[in-house]
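For reference, the structure I am asking about is given below.
Going by the order they are written in, the chains are A, B, C, D and E; count residues from 1 in each one.
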């Protein structure tokens, strides 16, 4: 897809589609998403709430509740296998072993009744077959790695004895436990304070250098994404609407949605205008598979083609892809 | 936690005293008379004499005081005596005496504990052992046929009174098939394999009836609690760590789901001692429940008062235990 | 041969709570202790007396009873020893009497010792009982299981107020009877073993006895007749058709015998209207608004089809009766047998004649008084069946009935504070069974004299539930107390019975048999309606 | 700054401590010093931003402003009336003049009441309007917050977060208040919606001359909306200044760290920025450190900071800082 | 899309909370099945006696212990009373007692639970009271209550209504404790929700806060208690009749029919099957209705 891919990606997702069967009908949460991840790079996924970021990532490892969820199409190539076709047993080895996952809410993502140490050691024993003692040693190392002081004492604490930031570090430690090739972080800092968020981001940057794993970083904070990523993927209503190298995207956003998102942010020199720009309207309910552009109702540039045809990702050069019929740079339809 | 427990215990004392007094007043007001069970051929004057000799009709405050003294002073002293610690003059002790048996109430109660624990207690244990897996599977496979069937059976088990299920069992297993005795032998002394088999046989039916009833309630709680926890975020975390479903459900979810269920179970324990009246009656297990009902029927005031008060203590105590267990099981809860 | 027949399993649906009959008048307790304790004489199933610890039954003829009827002298067997091996002597008998006579002891058998002035041991094996009045029937003390002999040595320390404290003795009395207590669990089970020192070396045939209490009547019966777990079930109260079905299993039989029990309706003659306050259901409160009319009472009796009551509720174990004193044979009147056939038309005519005419809803009324009856009894499924039947029968003659059933403990309990006792009788009709101990009806017939009317003045103590008061009846009762001759006594008793019947203040329904169930493998069992059912258990054997 | 001359709310040494009970007799053994001596004033018509980390006492302070919590100590003047000591009746009278908008638009609306009745509740409590008048008022309020009038009969769950927040705002406006405490009104909203709500708040402020206490942890948004900003740390204000001063020349090391932690949505800038990454977590307010509250995490702390508590002092005109080192 | 969404929502007819609840309820298969069965039972006991006109108290001794016949579809009992007529009229009483007692117990339980949960000061005393009630000996208490109130009620309301009130009262007063515990827990949680604080900031008083905000939000657990409550009340009533404390003996209720029939189980199975089935079906259907209502009341589920 993307031109000039030098190395073989560690993860290659093509045309992933996931739906939820609910009482009110089918929700089309992920509508044919393709992306790849190269060794050691950090891919940010941004988009507003409900755009399918989490569902996409959880589909990869079938972490969704099935039913109501159903992965209707797609392949997830990892290590020469299609994860979606893997036997449950083999998939289990990938989960936590090869691919680590960090979830959004550190408050609820740890099991409240087990000691932190136990929760870190669990995957170590499961995947690496470490003994209790070895696992404990490794757990201490991991906690030290993520910067928790007096780690060996804190192994016997319960999650509620940790602050939010520390819990998120524990989550990271768990995800890193088995030296995964890929780390998927689903909004890992959203629930945290800015200063703590800065700590975590700093930590991830450091770990990346040290361990060199590939990372998918889900966020809705364009600021965070700007600081850490190599590439950015913007999602809207279950589609990828724009995809580019990070500098490219911020310098030259091509999709009206991306542009609008960037515009809503308050700027440094607030002297300029008194009011923020906002995107009117609501994201669509995903009750049917869209055959028009899902952003069209909120789009200032929408024209008749947008109502009739859903744009596919189009290569705009240097790996910059966009799914839009309107060329914002020219101010005319493509 | 210790502080909390101590404080609750401290508060329990006045509560219990009030409870004991209220029970006393209720029993005092209650109609009925210990001579009511005597044949009509016994003339009224003789009845009056008997009543007098029992101490019926004393002013309530005196009677209450005597009972309180018996319960809180003389009985403990007596039992201390039994283990070899003598305080005061043993012959002075007026223990609480039952009207009907003219024997100490505590001895009667003590005699009943084995069968109560064996039958009713065991049925509670079995009920729990049946209920937990049913609850877990029902919740894990919500709306599956297993779940539907489980719901159905537990509702039936809950709605059919035990006097009916008990009798049905007797008709089938004792009368028709002759497998199990319909009468529980409390004097059976388990000292060999054969007597053990006998003991098991005589326990099968009452335990089954009660276990069904207990299981149907507990399994509902278990199911609800599991359902609550299965959708929690940490479950996803466990799966993402690559834990097997077995570990996810039986370690992570179960441990959390058990917290409320265990307290429900603890709250149910006092009913072990009082709750199985009808079943005890049907199979003639003659445990504490039957003792209570006999006491009530015979207006055996000291027996009823003492038994109900012991139940009250158990209720208050297990309320406390339930709360404490909650605190122990759930590390987030810290009472202080 | 003693102890050759293994274990005897007996089921009582009321559990035994104490083994000292003097401290509990409960039938179950008395019968359970009758296996251990013997009186001087027992009643046989035919109503005759048989000496037990005595050598013979004292009579005027053999000089045992004094001519003036004020004393009786018993000769004791000299070959009897207590189960602990010590000899049985007259001192034990004297002690037993004193034990019961002690005013602080609350002795249940006190009525057996009524009018006893003193008991003396003439020698080691002769006891003389002196009465303060002439006793035409001097067999109250030490005859029958209610008043057995207890061992002085064991109960010496347990006189009077101390009686209840001797738990060990009360739970395991030493006796002269065929069995001794092995283990006693109050309100649950008693196990006995054969008394090594029993006076008849060949008895008892059973080595051990288990007497299990609890459950209900149907369940105990089932355990004899259907499952065969038990050999004997006491006091069967089960609907006849259920009983038939149980017997079809072929494991046992129903045995029955007729004593003096009569299920009867008591008619309230005074006004039970709650608005009367303290005067409610007392003579002072005035007569009953309609039951004071003898025509109404008579019509109520006529309307009842007693055959159906028997058929539905009692089967072979009940007989229609028209007397409140149906037995023994010599006392049974035949003057009232008309009641045996239902006469609805006659009843209606009677009421019409008396001016009780059907109102718009079919209920008869006169001067604004409706024939609306509150009919109470104790809780018991057979009684409730009878109630329902009678309600319908009365409905046919235009009488409306409201049924009420009261817990037996409350109904018979005599608690001053309860409005529901049978003595207070705050209802129009009440139903229960009564009988008398032994074979002598004097005390029983004395229940309906004026002075026995319960009222707040005597703390509602008294047996004259209908509040019937007749000088003539009182005179007859007094006369009986002075009469020794059996024939004259029987004539007096019949006359009193007929008076009550013809006044319709008591409406007898059913002469109830005592019914028990016995396994087919049990031999020599005859139901004894005059004494403890277990009084002759030493004679029972196992047959194949 | 002429429009902001009159002082509307004045907090003097406001403290809110939550008692901690321990022991068998539940004696009070200490307290959570959620708010520990606030001094500031809010002028009529201005927006005072209040920023700080989670748990530093922002919400408690906001709620204390409306006396939803009883003050442990201090004085709270609302137009010269000390509301901290008002009796319940007088307090009820004054309630309509001060209102609150909550953080979680989901949680602050009763899920079982219709939008109409939610907005009408303050009217029920404080006015004698007829049903008809109330309905009209509710509709005009819906207009004011830019919602469809037909939504009155719907339930909160049928709305998006932004719409729900508008409902909350409409409720707060129902009684024409002078002062509104906005407790993180946009924290739970999506990026694309946040702007809508902020714009709405600004519109209303202009139209109705409202005064806001705007609590947030989003420093860029506070910079956008506020006139002056107070930075809180562990129950205390560490810096209070005009927003320009504060963002340009933060004096307190905590403010500096806070500002540097805010990511900038520009990869080029972001790559070059120096971040001051604080170590450790905020200490527990039940057990604050001796001396300066910030000394445990402060990158420049000196010994004096661990002993002596710094006063909030006016460094430049209108810029208050509580730091020994600031100059 | 906004326009589209707006028009679809506007196009819908105006909805109310209860309308929504109903709509959601109708989607719950178990709930609907339960409702159908329960309505059927209700319908049968209300109107059945007008179709099957035999007097349930009429004794037809000559036709006792019959199996099912055309005239007596459920046979007759040992006094010749018609089984069907008894089940129908017994159902009226059992259901009335079940529903009324449940209502009373819920009322008490909810009230006490809310008060204890909402007012910290009341919490201790009320919860100790709950302990007290849990510890009270039910049977003697019953005897006392009946002793104290039976005659008054009987003269005020007539024998049957009087006993009905008494039984409802007794069952109600001895079964509210669990509801109270549950509601209290729930209130403690709801009390901390922000909308309660919002109400306080508006100046809403305690009473109104409770009525408007707390109560509607603890309704779900109350509903669950309610469904279990009906079942327990029906069964407790049967235990009362069994002890002679209930209705007059010739007054059929399901529990009593089952109890009286138990000994005739092998002789005439119809005597236990029908009342047993009636109780079980009622309990089962009420339980499913409860499930349905709970789901329907839950805005989280409904909101989706």
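The definition used in the following text is that a residue touches a chain if its C-beta (ideal position, glycine included) is under 8 Å from a C-beta of that chain, and two chains touch if they have at least 3 such contacts.
This structure is a prediction, so every number in the text was calculated from the model and none was measured.
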item	value
Chain-contact steps, minimal, separating chain D from chain C	2
A-D compared against B-C, more contacting pairs	B-C
Distance between the centres, which are taken as Cα means, of chain B and chain A, whole angstrom	54
Distance between chain centroids, defined by C-alpha means - chain B, chain C (Å)	37
Centroid distance [mean C-alpha coordinates] between chain E and chain D, Å	48
Per-residue overlap in chain B, given as positions that touch at least 2 other chains	29, 31-32, 175, 296
Residues within chain E bordering two or more other chains	143, 147, 263, 266
Junction residues of chain C - those touching two or more other chains	407, 410, 417-420
Touch list for chain C against partner chain E, complex	218, 238-239, 241-242, 245, 274, 308, 311-312, 378-379, 381, 384-385, 387-389, 391-392, 402-407, 410, 417-420
List of chain E residues in touch with chain B within their complex	124, 128, 131-132, 134-137, 139-141, 143-144, 147-148, 228, 231, 235, 238-239, 242, 255, 258-259, 262-263, 265-266, 272, 276, 279-280, 282-284, 287
Chain C contact footprint on chain E (complex, rising order)	57-59, 61, 64-65, 78-79, 143, 147, 151, 155, 159, 243-245, 248-250, 260, 263-264, 266-267
Residues of chain B defined as touching chain A within the complex	231-234, 236-245, 247, 252, 255-256, 259, 329-332
Contacting residues of chain D [partner chain A, same complex]	53-54, 160-161, 190-196, 198-199, 202, 217, 219-221, 223-224, 257-258, 260-268, 270-271, 275, 277-282
